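Labels for the chains are A, B, C, D and E, by order of writing; each one numbers its residues from 1.
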Amino acid sequence: MSLASCAAPPVLQLQGLVKHYGRLRVSDDVWLDVAPGEIHALIGPNGAGKTTLIGQIAGEILSDSGRILLGGVDVTGERPHRRVHRGLARSFQITRLIGGFSALENVALCAQALDGSSFRFLAPVRRDAGLNATAIAALVETGLAERADIPAGRLSHGEKRQLELAMALVASPKLMVLDEPMAGLGKAETQAMIAVLRRLAGQAAILLVEHDMHAVFALADRISVLVEGRIIASGPPDAIRADTAVRAAYLGEEA
Amino acid sequence: DELKIGLISTLSGPSAALGQHLRDGFLLAVKQRGGKLGGEAAEVIVVDDELKPDVAVTKAKALVDRDKVDFVVGVVFSNVMNAVAKPLAESKTFLISANAGPSTLAGEGCSPYVFSASYQNDQNHEVLGKYAQDKGYKKVVLMAPNYQAGKDSLAGFKRHYKGEVAEEIYTQLGQLDFSAELARIAAAEPDAVFTFMPGGMGVNLVKQYRQAGLADTVPFLSAFTVDETTLPATQGAALGLYSGAAWAPNLDTPENKAFVAAFEKEYGYVPALYAAQAYDAALMIDAAVKGLGGKLDDKEAVRAALKKADFKSVRGAFSFNTNQFPIQDFYLVKVAKRPDGKFETEIAETVFKQYGDVYAAKCPMK
Amino acid sequence: MLELSDVAAGYGGNQVLFGVSLRVGAGEAVALMGRNGMGKSTTVKTVMGLLPASGGAISFAGRPILGLPPYRIANAGIGLVPEGRRVFPTLSVRENLIATARAAEAGRDGQPKAPDWTLAAIYELLPRLAERQRHLGSQLSGGEQQMLAIGRALMTNPRLVILDEATEGLAPLIRAEIWACLERLKQAGLAILVIDKHADALARIADRHVILEKGRVAWSGDTNAFRADPGLKDRFLHV
Amino acid sequence: MSASARHSLLPLLIGAGFVLVPLITGGDVYAVNLAIRIMCLAIAAIGLDLILGYGRLVSFGHAAFFGAGAYAVGILSTHGFTSAPLLIGAAILAGAALALPIGAVSLRTRGVYFIMITLAFGQMLFFTATSLSAYGGDDGLSLPARATFLGTDPFGSPLSFHYVVLALLALVYLGGRVLVASRFGRVLRAGGEDERRVIAAGFPITAYRLVAFVIAGGIAGLAGGLYAEFTEFVSPAYLSWQRSGEFIVMVVLGGTGSLHGAVLGAAGVVLLEEWLAEFTEHWRLIFGPLLVLAALAGRDGLARLLGRGKP
Amino acid sequence: MSTTLLLIQTLNGLQLGVLLFLIAAGLTLVFGVMDFINLAHGVQYMLGAYFLAAFAAATGSFALGLVLALGAALLCGVVLERLVLRHLYGRDHLDQVLATFGIILFLNEAVRALWGSAPLHVDIPEAMSGAVRLMPGLLYPFYRLVLIGAGLGVALLLYVLVAHTRIGMRVRAGASDAAMVSALGVNVGRLFTLVFGFGAMLAGFAGALAAPILSVEPGMGDNILILAFVVVVIGGIGSVRGAFVAALLVGLVDTLGRSFSTSLMRLAMDSSAAAQAGPALASMLVYVLMALVLAVRPRGLFPARAG
């Protein structure tokens, strides 16, 4: 366990989360902590329940039982948008962007959510210098600044993933939950994304779901392995890499 | 110069058949006079109100403002009539109703610029109420759509009928299926049914009434339900059902015989009362304009000329009450099949002689 | 078997392919490589008739297929695992597999009929699908959807499969299984056109490599040549 | 023409057109009345476009709020109120107040379900209006007098009516533009594209939609109130589902999501009807296929046809 | 209220429900399964009735008329799909609304121009006229029983077709991703034409069956279209099973509401007020039902399993 996690309270705590779909147990008593500033990777076979877990953390999916704490506050019953205001940001496994908005507007939209009330009906938002500056900063950080004015729908796949990330980090979240940010990226783009995430690690804790083991081992401070809804192992990368159960259930020959 | 007449009728939507009769009846009279009324070349501008009051208002305004018509004739439905009456009266244009006769315009709201060549709405219903009373029916079921005209209709029936009303059924406007109501009627076992079910609703009701086996057991008294607009659709199913009206195709006057024959020859179908009333409206304008020698600017004079009703109505004796609604005979009519296979309503008996409406008393005009 | 010569295509006024030529021989596996946005998926869409070409020619099994509607191209014997999975969300897993299934045609040119892919065979290859067969497409995890897309393409018993990022989002173990499976398919005589970012794995099964750069073929050659020249990767696949 | 030029030039042209109608036609009452009718309907259509074009909320009950405004004016008039600001204010309030609970329930649903639940509420109000016997029931209600303002008679002559409505139309249009471009508008527009994304960004999207729905209701109420003054008549037909459908047709025909498109759509529908009906009683045989062609031509409608070019 | 009356009204409600189902079935198929909002479904129902009236009159036989009417309805559907609607698949729903609204205007007017404004007459076929004694004191028109039977038959057929045949699967698949289905070797264009034609035929079938009991007139499909949409939505878009349940529910609620709402209101208020409020409530009941269902279950009773 890293030093940081001992010093401060965890930004995210999952305490015994359970979720069923019919008779299928998708989350099965999940306990998990994410410490401030930590990159915590969550890996596991397809269908293990990773995306579902993210849905529960974000509040889109209601858990059958268990508790979710953000920064020590119980948010189990809170609605999704409230959790954003508590410093949670997420990206989607399949990109979800406002296709008709420019990249800048997509990011500015997210910035706007945390910048006072949006029940403002008069001032033209496009010319809101404050919002735009914040948004540009996030685009610069993810390397998308040049594409700021392109409608999101026309970006290439890789750029869309970068944009997703920019939208997550513009809110200066305490915790970012990223669902397969490398999916569909080429080698080069993956490298770039790794670099970006490493830079971000100082600012926010990250819960990273990813199947790209190269990226996971390059980034993670800690790894938890989810299999059939249960955390079967949790620890530093080297320990996980060596874990025979993990190898059998997930890693195989890789890494 | 030319005589301009605006004809507002319902020519689209489910009730277009009524409007068609009305329009054809009016145009027939103009045609028979070589395109002239009262000796003046008459231009008839036909507009479709689409059964939407607001559309009717704008079109009525257009008739006045753009076309500068001398008379407006027509209007099948009361709600449209109510909507157009005010703007027309404000512009001092005479409105001659060939069908709708809402109580609002017959009573306190009567207007020097509104004439009715048809009837007051309650009257046709009163015919059946009077008939039921005279006939000694003890227990009847009443049924009408749940809107103002429907409620007025039942009120009209009850004005002369004093027996028991077993049930008063209000149906949905535009209702298709009456099986629920028919079951209630059958369960009530009344001496007769009275209903007001205009247009397609009436067609549905009549068919289903026959199919439920009620037509042969419970007398069917109705208004605006079986007439020549719906008989082509109901045909045999309506045979023997009753209605009330101030006119029927077989009314035995020379004018009427000539009218019906000419109408059938021209259009190939049997005219309904809407056609007859519109035909009369044309004759009324014809007579008035003739009497005035074409001078239409003096509104008081025009009004006086119209009020004389100096024309041979296809309905026989016809005169205007103080509220400028007609005083005329009303009949019980019954659906029959003609020798040529077509269906029509035929006069069964006279129920009212030279009858005016009850609202005239409230009309301030004398 | 599949031959593209000088194919040009694009979206609206925006040309993406500028004269792509490549061929996949019978029973051959070809890897189509290139960075994001270079036109790999566009090439696939053009082959399948999902995108109209603005120039060039495409033939399959000796017959021209350019301009044919997609279903006729598919029926000629091409199975597609599309980018982004595109499983049918309102169909169950089982229905997804059988809705468009076709029996293998008797082999042409006197070849024996290839063994049929059946539901049972797919379930054996991808047991996860069997477990989830009553789930709807929309209720699957991302990786499960990917498996389903592969199974669905195989169920059409094609002579050529095109896999566009078919291992995206798959767990390492499953990915390895897919590679093994592709190898078996190849041995059974199936031609394969594969797009994937795992260059090492590709090098193991592909006979030849084609690299796209901005809508043009920048390099092509057999796998040994590809392996032999590490500079290629640096030039065309990394930044 | 560039997109931004179209965005400012076309509305200016339309506005100028309405300003000039009475002048060009020499004050022809018929033409002016036609323009008034178009403008009343256009105001309501703009309201619908706010939620339909930007929020992607297809309300099939818009006529209910239009009717509510009309009835507010009608009912208050029969009770002797004639102050124009009072009547118009009441019309707006009626539309908005009705939209609040209806929106609160309806916004639980999405897509086609939303279309249908708004239809359901519209129908309930329609039947309520038909059973309002005290106010004419199905026959409707004639206004005893027109509204007055500080001793003047703004709706008395077609000409002053024309310019009053034009001013209100301009106000609603400009207000709509400002709204759409504001922070609020951005959230509304984004929600129209991907609601999950907007929630994940931290917005309680339903609250935003509800506010937009209420604003649209108020605008429809305003339009209905003016229309009642125009026809001097109110009837349940104002609330019928057919009229809700007409509003949708206007917005779609004009091009969704460009407020001036709603105005064009209203003008297109009214003028085409008026014009085609001159030729033949069976004018729908022509109008129907025209709508089909418009639909086939694409979703930007008249606004794009006139602007020639991609948005 | 007597039990017999209640029984008859239940039967009536059932019969109305079945008629609604016949119309809603085709609608939900095209609407849910192909993701196409076809407002013209109502006029297709009307065409069915007109075709039957015309062909039955021409051939003198109801059965022959029905067969010809079905063929004509199918043909109309196919022509319409080829000419107009296929260009609108995958487009914004609003474009579909606009186009099919135009088709409504056109066809209603065309029918009026061809057959006139007056309603047409259709006889109940001799063999199906008369009433059946279901139990002592309970006579019921035979034709309506036939209608109930036909509806149940169609329900079964449809259920099997959509849920259990490959055609059904392909159609459902095509609705969510037509290009993909095509890329897997299915001629989606032909498939959709087929489905659309079939939907049109179902609507025509409903119209033809309704012709002898309802008024055959221009615009007869407009109001029933709205009711059919109500059914589709309550049931859950695209679910044939949902449409079936919802149709029966709507039929029963409407019929029983019309029969008993006034009596029920009398319990709460005085008689004349009840006579006013009862019918008003009865006409709203269907919509109240829909609003309630959607408020509680925003995707209908049987939410189609969408992504």
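Methods note: contacts are C-beta pairs under 8 Å (C-beta built on N, C-alpha and C of every residue); 3 or more make two chains touch, one makes a residue touch a chain.
Being a predicted model, the structure only gives us computed values, none of them experimental.
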{"item": "Those chains which touch chain E and also touch chain B", "value": "D"}
{"item": "Per Cα centroids, the chain farthest from chain A", "value": "B"}
{"item": "Distance-maximising chain from chain C - centres being C-alpha averages", "value": "B"}
{"item": "Inter-centroid spacing, chain D versus chain B (mean Cα positions, whole Å)", "value": "36"}
{"item": "Chain A and chain B: spacing of chain centres that average the CA atoms, whole Å", "value": "74"}
{"item": "Centroid distance [mean C-alpha coordinates] between chain C and chain A, Å", "value": "31"}
{"item": "Sites on chain B at which at least two other chains make contact", "value": "11-12, 146, 173"}
{"item": "Interface hub residues of chain E, defined as touching at least two other chains", "value": "109, 112, 279-280, 283"}
{"item": "Of all residues in chain D, the ones touching two or more other chains", "value": "130-131, 133, 284"}
{"item": "Interchain pairs in contact, sorted by label", "value": "A-C, A-D, B-D, B-E, C-E, D-E"}
{"item": "In the complex with chain B, residue positions of chain E that touch it", "value": "2, 4-5, 8-9, 12-13, 15-16, 19, 109, 112, 116-121, 123-124, 129, 131, 139, 141, 143-144, 212-220, 223-224, 255-256, 258-259, 262, 275, 278-280, 282-283"}
{"item": "Interfacial residue positions of chain E with respect to chain D in the complex", "value": "31, 37, 84, 87-88, 91-99, 101-110, 112-113, 226, 229-230, 233, 237, 276-277, 279-280, 283-284, 287-288, 290-291, 294-295, 298-300"}
{"item": "Contact footprint of chain A on chain D as seen in their complex", "value": "178-179, 181-187, 189-190, 193-194, 196-205, 208, 211"}
{"item": "Footprint of chain C on chain A - complex, ascending", "value": "21, 43-51, 93-94, 156-159, 180, 183-192, 211, 213, 249-255"}
{"item": "For the chain E and chain C complex, residues of the former touching the latter", "value": "166, 169-170, 172-173, 175-177, 179-189, 238, 304-307"}
